[in-house]
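My questions will all concern the structure given below.
Labels A, B, C and D are assigned to the chains in the order they are written; within every chain, residues are numbered from 1.
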Amino acid sequence: MIATHFLRRKPFSHIALLQTQKMAKSSFEYVKKFELDDTLLPNSWIVVRLDGKCFHKFSEEHKFTKPNDIRALKLMNYAAFTVLREFNDLLMAFGQSDEYSFIFKKSTTLYKRRAAKLLTTINSKFSTSYVFYWKKFFEEEPLKYPPTFDGRIVLYPNDENLIDYMKWRQADVHINNLYNTTFWTLVLKGNLTPSQAEKRLCGTVSADKNEILFKEFLINYNNEPEIFKRGTLLVRKTIFHNNLDKHSNVIVDTHDDMLKDRFWKEHSSLLLNKSKESIMYDGPITDIISEQTNCIKD
Amino acid sequence: MIATHFLRRKPFSHIALLQTQKMAKSSFEYVKKFELDDTLLPNSWIVVRLDGKCFHKFSEEHKFTKPNDIRALKLMNYAAFTVLREFNDLLMAFGQSDEYSFIFKKSTTLYKRRAAKLLTTINSKFSTSYVFYWKKFFEEEPLKYPPTFDGRIVLYPNDENLIDYMKWRQADVHINNLYNTTFWTLVLKGNLTPSQAEKRLCGTVSADKNEILFKEFLINYNNEPEIFKRGTLLVRKTIFHNNLDKHSNVIVDTHDDMLKDRFWKEHSSLLLNKSKESIMYDGPITDIISEQTNCIKD
Amino acid sequence: MIATHFLRRKPFSHIALLQTQKMAKSSFEYVKKFELDDTLLPNSWIVVRLDGKCFHKFSEEHKFTKPNDIRALKLMNYAAFTVLREFNDLLMAFGQSDEYSFIFKKSTTLYKRRAAKLLTTINSKFSTSYVFYWKKFFEEEPLKYPPTFDGRIVLYPNDENLIDYMKWRQADVHINNLYNTTFWTLVLKGNLTPSQAEKRLCGTVSADKNEILFKEFLINYNNEPEIFKRGTLLVRKTIFHNNLDKHSNVIVDTHDDMLKDRFWKEHSSLLLNKSKESIMYDGPITDIISEQTNCIKD
Amino acid sequence: MIATHFLRRKPFSHIALLQTQKMAKSSFEYVKKFELDDTLLPNSWIVVRLDGKCFHKFSEEHKFTKPNDIRALKLMNYAAFTVLREFNDLLMAFGQSDEYSFIFKKSTTLYKRRAAKLLTTINSKFSTSYVFYWKKFFEEEPLKYPPTFDGRIVLYPNDENLIDYMKWRQADVHINNLYNTTFWTLVLKGNLTPSQAEKRLCGTVSADKNEILFKEFLINYNNEPEIFKRGTLLVRKTIFHNNLDKHSNVIVDTHDDMLKDRFWKEHSSLLLNKSKESIMYDGPITDIISEQTNCIKD
């Protein structure tokens, strides 16, 4: 019976597969040579910045609160947190709105510093986490379609440049948030149409916007939540558990003012290459910290 | 009252924000200059290949059927389909196991051919779709954690090189699938341990594996499903609806043999740059086709 | 006595050199890792184009005849010829004015296709030849200072793009030479100042310039030397020696019209990758050909 | 008469040139888009290193003295000097044997930091100077053919890396020169054949070579000329002219020990970006210095 079956098989199949096997190793494999090396310059800061694609539309379709949706910001932070948790060579990450920057330690040799590998791994992990954890933050609001984040990789040769990068992104939060807060206040509380609000704000400086908020709506911009005004910095620190009388290393989510030199003095060991000197954390126990330590949230 | 409030505000806040705004536009914005141009060579084929990261572990934790899990393959295909549906400049895509290759038309100017932008957009969209549509294919089997896909971009200067690339990936399916089919048959039906099966197959060529399958397990490898033996090609074709008496353009999922020259003759218009000549499809109505046309699945 | 000397030596010198030797191999050698790979895409045309730096000034200081100095053009051609003679992987070269383009065969693996190596080798050899052979063409006119050529490398994925590149450079010769011929005729024979000549030509098309030359100066532009109107193409061909009754391969300098399709038909084997089919040459015996064959110049 | 002439002209020439002009601006000019941007990362040290091609053969054909030919070294230094004199953004250069490294100031924006432009300009200028000034150093020994130098560009993100690069090249001089000095002493004075000398030196460390030189040939390696042992550093310094009672900035050629930390302390202002603080020079008046200052050579 086996023999019968055997005869029924197409006689060329053996040969075909044999040829295929050989072809894959010979005639076709040359195409691998077109994969060019994209190793990044050693000893320089690698920054991966992700950006939501068409998030204006995405935020409308998912009814994000304006000007800031705390659920959306927390989801961004949580997705970034899962990335940091997976890659120890990531020193920190900073996020705002629909963008997140990840900073590798200067000396990282992860994936031999190959640009595309580093970029796509961070990008994919962040993207899948965003979808995976959507429900954790948006609960009954369903995710209607899979969002997309694009990414880029930028090198900074020295600490000053990196610090200025971080300041640049955080200054951007201030500017955008003050604008958006004023804009949406004019629209939602001031009953202006969006285009009226836009005209009203055209040419104004920060002081003018503060004035509008305060004089017309009794809103003191300084009292707005830090997460809105400053974005979120994820960074590795050491926490002391009073109850357990021990230390542990955690990723903390803070809203520190990186525009101040004091911040960089306090975090100077962060940028030192080989330093294992840890930075003590004495801020509030957030959800993210609580998850890592079993501490009770403040 | 306003005045009172006003006085209570920290007097430097105006100035601070004003400074921040100016700083962002002046002292920090220079960091943008470190973003270097990564435009790809014009008039050459752009291939984006994605690969599952640690999918061996992922497939075990999600109880993938060995050697092939049809649900997992269909999910990969569906995620790739959502990518093709979104980017018209993608000509086709080919997938197998946990990898997928996307081919842009040679003349695409999408995102000005910037490498990182093209790479991450495809990578992110595929990744989020994988998570978003998991349930559609795995139903009761929950997704335990967000998976990661890495990606790379490769250029091929001419059609021959691109065709060889496609053949290389499809030859790879044959080789891997014959090996895996034999290996898992020896383990699952032959009661060998994985390491015994590995030893048994060490040094064997295709013909030997065919022999083992056929003589010992009455399995004719030729009768294995095409999707397992050849992977899946997603390509844009024209379909004729008998019932509606009209044509429409659809993305079809096929398992054609790209190692045969006949395939490339039949699909020659695919590679021609300006051709809008469509290729007729007369294969079965798959789920993917059905979704686009409202045709009833075969 | 040796001993005495020995004692006089600084006792640490041994150790210092020993340390140096070790340091070079250990502490410093890491700096080599900063040398990144710059391999060029396989199977695409590599064009190296060199350009004279500040040759306006250079040509004035060396009293180049205007609008064309035949000595300068011949020196450019000869320098390019020495480059082609040295690198067999160079298929052809095209020059005009103070620029020269070198075309490598598509499949070259010279220096593993490393961009900087290919670029600088061609650039340096051309530059040193220009100085070395200056006297051969300028005789009593001394070279006042060493000139500089910069260079760039460009890839073209297919034959059509390469042909268009060649046409682009040759069309450029036409345009520049017609302009320059008219400009300098107006200045030298028409007694206009350079700025008057510039104004006169402003807004004119080719036909207008032909008119000026012909009606005002009885110059038929068509009769201008080919080397001025079309630049010089250096290409490998086969020559038949009547006197010796044998063939030999030579680099010929021609002024063929590459804008015509006929040229590319006749030279089609030039672009075919593996072809050793030679192209017969039946033009005049130039100095460059004479030097290679010992044929008597026409 | 003009009319007659006019009729004799080929009637299509006008049109042909007109078409050419248009074609160059339209159909062909697209090939410029294949020229990709190669801007270098800002704020990092740009090093251009040139190397003689086949200089073993070149040195033999031009009867270079072994192990070191002072004429050849001085020509290298002079060629490098002409490069530094032309490009103010070059901070310093270090040479040995047939190689020379040029260091741009970190903040240079010369040629918008385009890699190929910077690389080829330095490479070409050095190469033509080598030929142009040959006679100045080799006098009656004629240059037989134009030599070739290849080049590469390397980035160093910080001062420490750059200093280590300089140390690496200088440590290399030590190692090579001690080897070569011993090798050629064994051959020229010890009457060993080259292969016997090679065997004799196989496995020896610096101390062994010092021993051989001293015990067998009464040569104290420490007394060898600094230019041989340490190579030549060209750097911009300020010189005080006693006779003229004024300062001037000059390029000085020194043989300082860069492996010592003292050197980098004394030259610390060299690496500071915006510093115009000059470094005083109090060494001997060399030919190169003399040429710039009209000071009399020591």
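Operating definition for what follows: a residue touches a chain if its C-beta (ideal position, glycine included) is under 8 Å from a C-beta of that chain, and two chains touch if they have at least 3 such contacts.
Which chain is which protein? Per UniProt: A, B, C, D = tRNA(His) guanylyltransferase.
Quick caveat: nothing in here was measured; it's all calculated off a predicted structure.
Each chain gets a centre from the mean of its Cα atoms; the one farthest from the centre of chain B is D. Remark: chain A and chain B have CA centroids separated by 24 Å (rounded to whole angstrom). Rounded to a whole number, the gap between the C-alpha centres of chain B and chain D is 50 angstrom. Work out the mean CA point of chain A and of chain D, and you get 46 Å between them.
In chain B, 34, 41-43, 155, 161 are the positions where the chain touches two or more neighbouring chains simultaneously.
Taken together, the touching pairs cover every possible pairing of the chains. The touching residues of chain A, when paired with chain C in their complex, are 33-34, 36-37, 39, 41-43.
Contact residues on chain A toward chain B in their complex (touch as defined above): 2, 5-6, 8-10, 13-14, 17-18, 20-21, 23-24, 27-32, 34-35, 50, 53, 82, 116-117, 119-121, 123-125, 127-133, 143, 145-156, 161, 164-165, 167-168, 171-172, 174-175, 178, 205-207, 210, 214-215, 218, 220-222, 259.
Across the complex, chain B is touched by residues 41-44, 155, 157-158, 161 of chain C.
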